[in-house]
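Structure first, commentary second.
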Amino acid sequence: MKRRLILKLAGAAITASLAFGGAAQAADTIKFGAVAPKTGPLAGGAVVTHWPNIKLWVAQVNARGGLKLKDGQRKIEVIEYDDQTNPGETIKAVQRLVTQDKVDFLIGPYGTGFNLAVAPVFAKYGYPLIAMTAITDQIPDLAKKFPGMFFTLGSTTPIVQGLADILAKLVKDGKIGNKIAMVNVADAFGIELANAARPIFKAAGLDVVYDKSYPLGTQDLSPIVKGAKAANPDAFVAWSYPPDTFGLTGQAMVQGLDVKVFYTAVATSFPAYGGKFGVAANNVMGTGGVNPDDPAIKEYMKAHKEITGLDADFWASSSVYASLQILEQAIEGVGEVDRAKVTEYMKSNSFKTILGDITFDENNNNAKYWTVGQWQDGVYQGVAAVGRDGAKEVRLKSGWK
Amino acid sequence: MTDKDWRNFGLAVVGLAIAACLPLSGNGYYLTIGVTIAMYVVLATSWALFSGPTHYISLATAAFYGLGTYVVALGIDDVPYIVLLVIALVVGAVSAALVGLATLRLSGVYFVIFTLGLAEMVRQVVTWVQSNWGGHQGNYVLTDITEEIIYWELLALAACVYLAGWLIGRSRLGFALKIIGNDEVVAAHSGINTARSKVLLFMVSGMVASLVGAILAPRWTYIEPSIAFSPMLSFQVVIMALLGGVKRLWGPLVGVIPFTLLWEAVSISFPNQTLLLMGVAFLLIVYTIPHGFVGLLETYSARFRERKG
Amino acid sequence: MDILITGLLLGGIYALMAMGLSLQYGVARIMNLANGEMLVVGAFAAFWFFTVAQLSPLISVFLIAPVIFALNWLIYQFMLLPLVKRAKSQGQLEVDSILATFGMSFILVGLMVAVFGGDYFNYTFLAEPMEILGNTYAANRVVAFLMAMLIGGLLYLWLNHTRPGMAMRAVSVDTEAAGLVGIDVQRMSALAFALGGTVTAIGGGFISTFQTMDASIGILFTMKALIIVIMGGVGDIRGTIVAALVLGLLETFIATVIDPGLTLAAAYLMFILVLLFRPQGFFGRKPS
Amino acid sequence: MARSILSVQNLTKKFGGLVAVNGMTFDVGEHEVLGLIGPNGSGKTTMMNLISGALKPTSGSISLQGTRISDLPAQEINRKGVARTFQLVRLLPSLNVIENVIAGAVFGHRKRWGVEAENYAREMLERVGLQVAGDAPVSTLTYIDQKRLELARVLASDPKILLLDEWLAGLNPTELETGISLIRDLRNDGRTIILVEHVMDAIRSLCDRCVVMNSGTKIAEGTPAEVLADREVIRAYLGDDDA
């Protein structure tokens, strides 16, 4: 009896949600769909950079009455799905948002692989896709294939190039030697960056004396740090993911890896990084950055903290938010829910965002972004950028105290 | 073939024909669900071909699936896609044979944990190789293959798997597997080469999983190890197959469909508690339907017959 | 020498992950796939006490232990016992418990995400260099190692020199025979499961002092714990500790001498070789 | 003794320190019924396991018509025409009666498949006197019928040599008589039979010769009458005091 009841309930739930899921929405809102991980391996990152910005943006736009369209203001309503860090789920959720929930616009998912996985779906239905958390070297190819796809975070080569330039300059100025220890996490992201870095470093006259990968989820990174230390490098570069960014830094402190340049990739720009390591984080370099002295950024950081209760990170957060601003301005610029026009609008207009002006180039790429940042006295400052002003002077790291 | 066989065959053809029309509905969402269902039907059915009769719970699906995905990812720039599918098939079969030869004497939980570890090991080796010698290759699969094509490929594969399953069920091999599942000692003493039979079937399930991975690779565009070798996949295949029941060829089918729809319903209604509720659903399945829907149906039909008789 | 110490320290951490599962599988016969999640629960608790009350994990783990113990006891009584009673054979129970605990791991992750959110958490505790025989090591790892050895030693003594401990070992050796000589097998199994969960959560508390975690990371710990328990031999706490140490040494050796990229591959390779050539594990009894 | 079909030479099997079979040597003649007897724990079942290939000998050899079979896996030995029953009946619970018999016919010494296998299986069921429906589940069978079914499965492979491990144990007097005459019939078919048995009546009436084992070694060999009168055999069975 009990069993039958449960089955019945389950059956009812299925029919009910399939039949009515997403129906009965108020007509005076403009609907956005958002898919990103809330659970699974990438959830940790998405919860820091992705979800809070959506929340912030929606709150701010709605606070001023909603998006201004020709027929009046409409408030934003967001339908959120958890893709569990599974691209099959991401695709399914996007399909569902488009065909069942009939959302007006979609917010790009989280992570390189996921943005690329959903690109065909966005293209098929003519939704513009701002890939705000994707780093890829295939931008020209992708833009050709998916004309409605835009990139705001940057591509692999400039990110590596930015670092290579800094290192090369320091070498040239006689501040450091040219020996680099490079490690990478053996995942698509780390492999791609390390593969891009090898020729670029070589061309910049840098000598990679230690070059190893380590598996995702390595519990003890001390052999890597020790190995790097034994190679006696002048600079340490790690194409790392959040848990290992923390782990490598921690081990470097303990092992006294005394390099003039210490670079870790994702999560270096997280406020938690500065929070955890305090003064030891000083002069650590990482991927991306912002200009925290810029009033727009300052205001954004403050609002982020107030509305979401969390500190924004100093790289992708602002990029995510800026991407949402672009979407917002394009929709308001067109003045109606016409996705083709909005896409065209994005291609041909310039947008004022917290990062400054953004214009997409012929490859739908935002050619202005921060490539390298550095913790300087408790703030993560952009120290190298493509097309952005306000880069601070690079400082050398002197110990971990 | 008996009348019953013809009837089942007819039903299968009609079912397949109806399923093949799904993309014509023009609704991308239904198609996506269709792809998900087709993928899990193929994986769960081929899994059950091996694990059903032998009672060996294999969690290696992700290992073979990932291999297939990576075959496509590494080769797509240089080799025609269709050739890659064949390579994936061969790679899956060969690696399943190696694994089978090495491990099928393990029993019970050892085999389960071994296969779970295997997926991780393959993943580590593949990423290490890619990291050291892969160059720029290996992450992007940019093709013109649409979801419709993937769906039809999967349906065709499903048809092959059912046909293979039906043929195996009627063959000496299938009969041998049944005997092995009952009593391995008796099987050996009846002249059955138990190791060979098990390895053969394991190869079937391994190469199908590898092929599924290869078919789906273009869908992801960007291949990451966490996408290709997700341990979740192995577990989902097992739970869906067990939910349906592994005693019948069509058992996994009746597990996959409700499970996928349930998952869908949960993700729609509770986007913030999806995992939590899936966990609850998992437990409910384990506690209330221990023998799967097939078991449930058989119990009911037995009761029905009793009442009639 | 350096490899030796680094390896042993890592091994100690692995022992923290695996000892609880060893008890749970060895005695209660539950292959608990939610083991890693229980570890993360312990880590979360230690993190919370540290950030809210500045309470050292060395103290807070003992505050959370009773709660975790009770929680695991309840899980066993209400979730797993029905499966044990239903199972007609050991194989059936293994399949059922694997599926059920996998579902439970979903629930635990879901609850943690709901309560704490899904982002990374870490804090700084004893992240100081410590010199041993001329090489430097992180003090928090040394502490974790010492705690692992302490917990392992206490468990070993308890299992071998006290009445309830002996009873528990009897259950682990032969469930039926233990029942025949008047041991309350159900109670012992529940006790072992609860104790195992507690040990795992305490381990999580110590591991959180140096490892950055998030709610979804548990599966990584589960995998490690599984291979250690199987390698060590089912139901033998000594075997688990030895296997953990050997694994730590192997990974460190590979990472230092060959290539860090192969550490996990080597670990799984060793696991596979052990399974093939000594399926009963380092200390396990030959299956009869 | 007729021409030797199976020859056991100096066969030893050790389990760790325990020597279960110690230097056994004997021959089995064609069309002969050989009784393998001895007190409990004397190594008879181990001997059967070694012949059938369930266990590998530590040293020594077993040859079938001059070919060494002791290195082969069980299924190869079975295919060469050696089939066995088990001390504790082993049926295939999820298969029905007729399928249980077919299981023996398909892969063994003479391979049959499809209709041929099914007909042959029915023949075998008749042969062992099992009168139940072919599609009946095996769980409904009585003990003697289970034994019959197992024998039918073994016969279905058409073996040259039949190993019966205490096949008559546990039968009541009427059943025993049926059982003995059944085995005698099989022998009259020209099959060679090795049986491990405790039932003395059966040994006396069935066996051409007996090999007596104690503590893993052969202590006597000869006709049933000879060995049962042997002092050492009596001592082995009854203990030293009575000798």
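We call the chains A, B, C and D, going by the order they appear; numbering starts again at 1 in every chain.
Definition applied: a residue touches a chain if its C-beta (ideal position, glycine included) is under 8 Å from a C-beta of that chain, and two chains touch if they have at least 3 such contacts.
Fair warning: this is a prediction, and the values are worked out from it, not measured in the lab.
The chains in contact with chain A and with chain B alike are C.
Taking the mean of all protein C-alpha atoms as the reference point, the chain centroid lying nearest to it belongs to B. At the far end from chain B, in terms of centres built from Cα atoms, lies D. Inter-chain centre distance (chain A to chain C, centres taken as mean C-alpha positions): 35 Å.
Inter-chain spacing, taken between the CA centroids of chain B and chain C, is 31 Å.
For the pair chain A and chain D, the distance between mean C-alpha positions equals 73 Å. Here the CA centre of chain C is 49 Å from the CA centre of chain D. Each of the following residues of chain A touches two or more other chains: 38-39, 41, 85, 186, 213, 215. Residue numbers of chain B whose C-beta contacts span two or more other chains: 124, 127-128, 131-132, 272, 274-275, 281. Across the assembly, chain D contributes no residue in contact with two or more other chains. Chain contacts in this assembly follow no simple pattern; the graph is neither a line, a ring, a star nor complete. Interface note: chains touch in the pairs A-B, A-C, B-C, B-D. Every residue of chain C that touches chain B in the complex is listed here, in rising order: 31, 79, 82-83, 86, 90-91, 94-96, 98-100, 102-111, 113-114, 219, 223, 226-227, 230, 259, 261-262, 264-265, 268-269, 271-272, 275-276, 279. Put simply, chain B touches chain D in their complex at residues 172, 175-176, 178-179, 181-183, 185-194. The part of chain B that touches chain C in the complex is made up of residues 55, 57, 102-103, 106, 108-110, 112-114, 116-118, 120-121, 124-125, 127-128, 131-132, 231, 235, 238-239, 242, 272-283, 285-287, 290. Residues of chain D that touch chain B in their complex: 52-54, 73-75, 78-79, 83-84, 86, 90-95, 102-104, 106-109, 113, 153, 157. Residues 37-41, 43-48, 85, 183, 186, 212-215, 217-220, 222-224, 226-227, 242-243, 246-247, 250-251, 253-256, 267, 270, 272, 276-278, 310 of chain A touch chain C in their complex.
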